[in-house]
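Next come two complexes built around chain A: one with chain B, the other with chain C.
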Partner chain A sequence: MKSSLPPKKNSNLSPDKENWKAKNPFEEFKTLATPALNLPMDQIVQSSEAIMDRIRWGYEKLLEEEAKELVWMVQYNTIIKAYEVAEKYVKEIDYTAEDVEDFCFAMENTQRIPYLIPGPAGIYISALCNYAKEEEILLKLSELKTEINLIGFRLPRGKRLRIEGDTGDFTGIGLEGGDLVVEGNAKNWTGAGMRGGKILIKKNIGLHTGEWMMGGEIYVGGRVRGLGNIVEGKVYERDKLVYPGKARYPNLYY
Partner chain B sequence: MEEKNLELIIKEIWPRLKKKHLYPEIPVPKVRRTSHPKEGEAEEDEGVGLEMKQKQMTIHAGFVSQMKDKMEEKRVVEALLDHGVTHYTFCPWDFHTHLRLYSEAKKVVGDKELAKQVSNRFIDVIADTHCVKKRCTEIPELHRNLEKGTIEEVIASLYQKIWGIDLGISASKKSVKGHADIVRRLARIPYLDRSRWGESIRKFARSLKPLLVEEQKQQGGKESRGEHNPQGEHDLNRYSNEEIDQGLRDYARQTLDLSEFKDVLEDFSDELTGAGYGREGGMGRGHGNPLDADVLFYMKLAENYSIPVKKVPLEKKGSLHPYSHSPWEIGSPFQEVDIWTSFGKIMPGITQVWTKREGKGRGKIEGTPDSLIAIDSSGSMINPRKSLSYAVLGAACAANAYLQNGSKVAVYNFSDAPMGGKEILNYTDRREDIYRVLCKYFGGGTALDLEDLMPLIQGRKNLDLFIITDMKITNLEALIGFFSQIQNRMTTVHIGDNPYAARFEKAVEGQKNISIYTVKRKEDIPHIVLGRIKDYFNSTSRK
Partner chain C sequence: MRTNGYQKRAMRIYQFISEHLYFNRPDMEIKGERFNSAILLSLLTGLKKGKELIIGEPGLGKTTSAEYVCSLLYQFPLGVIWGSEVSGHPEQTEEKIIGRPDLGKLNRGEEDVVWTNFSQVPVKIVDEINRLPETKQSMILDGVDRGNWEYLNEMIINDEYCLFATANYQDGGTNTIIAPLVDRFDVMVESRYPGANLSFLIGKDKRKDHILRHPRYESDLYHILKSKIAYEKKVSKIEEVCNAYGDYIEEALEVKSFQRQDRDQIRTEMEGLGLDLDASAFTRMLLAELSFCERYGQKRVVENCEEGCHYTGYLCHQIKNCASNRLPSSIKQYAQGLAWLLEDSEIDIEHIKAVIPYTLAHRIQWKDEILSQKERSKRDDPFSIFLAKEAVKAVSQRYREQSEHLKDALAAGSNIFQGGDLEPLEGDHPIYAEVKKDIDARKR
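Then we have the complex of A and B:
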């Protein structure tokens, strides 16, 4: 009967050599391989990565729909429309305030998010804050190199958003009763068109503050560079009421 | 007695521990006796269990004895050694990684002490987590039994969350409850992903900063608890001088940012001075001057580049010839081995090498001549002490190339030389002196005083000239005239393109002893071949 096994090669090798050939030199190390434990950390990191992917995807969709040519103009209707689109994507995601903070930092990493367009980015972050599960949100953004515009847009009643660091233009515009605190400075057009709620800027604020604001209060710990045309509401500069009160020319540097 | 017992424990567990960590090249750990401080004095290293100096780990007997009631000695020792070994095998791994982590932490917290604390704690979390995930370890048990302050409780709470092991920290405990958001933030960091350690430590620092600041305020300038880390300190003592050299070299290459390099170096200046930096001698170590971060930056950065020097036939009284035999030692060059008397073997005790002597005849052998480096430090050049100067980097690489070949280097640093804007260093092989003159910046007009150059050139038949400038020299014509008269090999490097450089190139294009290079980026520097002469052939290569 023929053997089905292939003939042994080099059958004339000395027993020593044969042993040497048959033995895997790394065999001994097999016993060293301790199976890596599955730690809860892996699960936490994996799920935050998955959420970040979803948030990133929503932002890319917003850019696709609202900033096709990677150009976006700040106008009343463009802001409203972009926010509606952002809301649509944000509502589908289950995330926490920490995910929002991570997204802010991820935006500066061009490998992860190639296009940072300040307007839509700010609107998207505002939508994320407004739809977050937490009532109080803290974003530690002091080392962020970019100042985010439009943050706090339409912050609803019952929500408190605290930002460590500075913010850009249009901070807290259209505020809807929420409580916005900026630990640093804010730029121009802060609180424009806000209807109610409170904005506290701990340092200085730029021009056109409270332009067309319809209600609510703006507190500034430092200097107000210029007020806008305010319809209704109050503006305080270092605990002193500056509007309504002593008339000031809008946007005048003083 | 206690120490003997610990030594026996280490002897028993060390082979198993080495195997567990895949045989790292670390010597057998030692045991340090318990010191008995005088009454009223606190023990120097109270609460510290492990000490790491270079690659030597030392277990503190006092700490193990303190823990004896809570945990078996053998388990304490194993946990400490697991932690210590992981610092060598995973994080921080090398000095460069340590520096990088520190500098990222400093960007967030701003303060030197806080940044050191953040980076140390981050390194510890990574090492412990790596051990818990990949090895069978007693580290969780050690953490369960360690005494804890507020920050340690938060970190232990983090471990509970990310390891899924109960460390006896109750979620309802006041100190933990108030910091639940910090633990939540810390838990999201991918500690074991080496490629993301930069962004991870920034997040770690951001989250932990309020607690550290609070602790610093409470301590009011006194030593914080973080300075008595039971799992060992993370200072520069851990690294050997060679590792520090390599780390600084890699860090300089990777940051390419002089101010960042200076900032980090100043923070570690005490430790670096302790390690011998800022003194004369090879690799920036030895005795003498205070630490100059700018000089060290260019020194370390230049070590990453290697510029070849073309050798020239140098006249000697006689050539060397084999004269007698001497025994070969490990580390000696193989070229001199006499294979006949060594029986074809390379083995100390058997192998013999030829000892050579100079003969009486006259002949020509190849060698590297001395070099004169002229560097422009006028206002149109970058101030090397403010930002990365390619001129200084290029000159530093050239100086290195000549020094490595056993030649000497003179430096002529000029700005408006006839008005005194110059510094001259005579021929020397002292690297620090050369770098100090190269890094000098005058920032005035640009003119060469040829009278200064003459004494450095005269009487030296074999001398290479190396000039690095942007060519915006007011007496360029005089310089061109001077260059056309001398026959020495000349390497001219101009930084960037401009009409003056074009004018110079055109004027000297016929001269075979002048090579011209343009440096626009740092990557251009290795393309420079010092002393290259067009159509160059020397007597030995003609064979």
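Then we have the complex of A and C:
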């Protein structure tokens, strides 16, 4: 509050009427030394809020520019285009891995972020992870009701992304040498088009696994429902190599 | 703190009841001293002119504990206390609780009221209050709240009174106590089973309550209560007999009771005890959690929390209703009483934490999911008191983490209120939002 208090309207109050004046509800704390402004905690709270605002703003811009295409048709060129837009906004933000995790949580738990669309959200989170300063990132998504698609898109070499919870379709597509660990299940098209790196899915995985993958390894702790057309690379199911192996045809149970 | 021996006398009454009249196990500890909550809170209720709800299984001394405390604090022979009690049952009437027309005068065409003993004596005990139907509970609302007892066009006002009500756990013959009446009780306490061994001793000691009886004084008091003199005159006559009974108690039992002026003096001393900064900040923090709602402005029993609210981790998300304005008053009253009894110079956070569960237990309406989550937790207390104690623990933990910052925020609030050029401090707790609201209201 910058302004001083309004002038007293009635300065001739009788002693009894003095009690009518608005009482200071914090009266007993007036003896306590007034705290200095901008305590470290304030700064932390303020700066993390400012960062979250920036991250949120970038996501809203991505939705504005690219969401329509991503919602209705997932084609590799639309994904690349959307990722480029996400990259553009993410590069300008100075954030930490913790902020990425806060953003994931905020997507479903605040009304400030307008939509949680699994595709664009995954692209945007992937961009955030790929450009984070930290090499290792943990995202706790087990509380989310929506499974996010496209997580781990283009995860570069030297980065390790661990997801607690399940992921949606297109997990780890276009992986570029990073390590992606999913503690739960992943849906279809996992590792599609990946060029290198490792994907570890601790539970089950869906159809078209490793479609057009060009390299790298996919490890599945549970069951693989179906493999895609794999060009190069390895897929393991419960420590057993299933590609290259006898499963030669896409989505055949073996 | 200046002492005049009143605390020692009060503690002697506590000990006497504890050792001779109401066998029990201590169940609360404050600053290294162990107490039985039922006797301690009854003692404070009597001294502070409070209102206490005593719950428990049948036959575990709910009514008798209140009777002993009232007899020894207010110098009333036990027989008069028995004759002034109101028992809760479906056929209870206003005429039996408050007063009835003077039939003799009515025959002569005059209208006058014969007041019941219950409405006239300062110690009021309502036995099994939850057997009163809901509609009849409202008859005693005003009397319970203000000490005003009205019948026809007449009214008597009790300057000094305290109320004890007992309630059994729900069974086929009980009703719920209506919310406005529940809120008027300052504290709720359980009269607990003392254990097999002490219970066995109670069985052997058949007529322990005769020591607080005195037929002559009882008869004198009944005579005064029945007389047709003005109520104000009755009060002074009653006091005379009570003082004589007090002398008898002192001589026979070596327990010095309190006369009216003693009790007034004690209350003055208690009123002089203020809260220290931690006690005040902690209480504010708790009240904020019990009343705050970011979306709807405050808690209301008819409104549900939003999913994904930022304040999900606080008590406001676990409860349905809003704390009433009587809650802080009850907390302060009983903490004052406790600090006085322990001869402390001000109310600190330990006093506050000790009394809060008992002031809160009957007032909070927990959400069903919280009830089902914690229903089977291992505990010693009845469920409602257990939940209140858990709530106090949770808020204590939060207070430990941010007490300094919170006090700074309140100091900044004071500074801004006095015209200082500061911004309110930010923090992650409903109390900071409440401070801001107060400051914003001041700005407008």
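List of remarks:
By our rule, the second predicted complex is superposed on the first by the 206 of 254 C-alpha atoms of A that agree within 3 Å, B and C clash if a C-alpha of one lies under 4 Å from a C-alpha of the other, contacts with A are read in each partner's own complex, and residues count from 1 in each chain.
Here, a residue touches a chain if its C-beta (ideal position, glycine included) is under 8 Å from a C-beta of that chain, and two chains touch if they have at least 3 such contacts.
Note that the structure is predicted; figures quoted are calculated from it, not measured.
Touch criterion met: A:Asn24 reaches chain C, while chain B stays clear of it. In the superposed model, A:Lys140 lies in contact with chain B only, and not with chain C. In the superposed model, more residues of chain A are touched by C than by the other of chain B and chain C. In the superposition on chain A, contact of A:Glu98 is made with chain B only, not with chain C.
Common to the chain B and chain C contact sets on chain A are residues 29, 32, 34, 37, 39, 41, 45, 109. Every residue of chain A that touches chain B in the complex is listed here, in rising order: 29, 32, 34, 36-37, 39-41, 44-45, 48, 98, 102, 105, 109, 138, 140, 142-143. Interface residues of chain A facing chain C in the complex, by the touch rule stated above, are 1-5, 22, 24-30, 32-35, 37, 39, 41-42, 45-46, 108-111. By the touch criterion given at the top, residues 19-20, 22, 107-108, 129, 132-136, 161-164, 181, 184-185, 187-193, 199, 202-203, 206-207 of chain B touch chain A in their complex.
Here chain C touches chain A in the complex through residues 274-275, 277, 280-281, 308, 310, 405, 407-428, 435, 438-439, 442-443, going by the rule given at the top.
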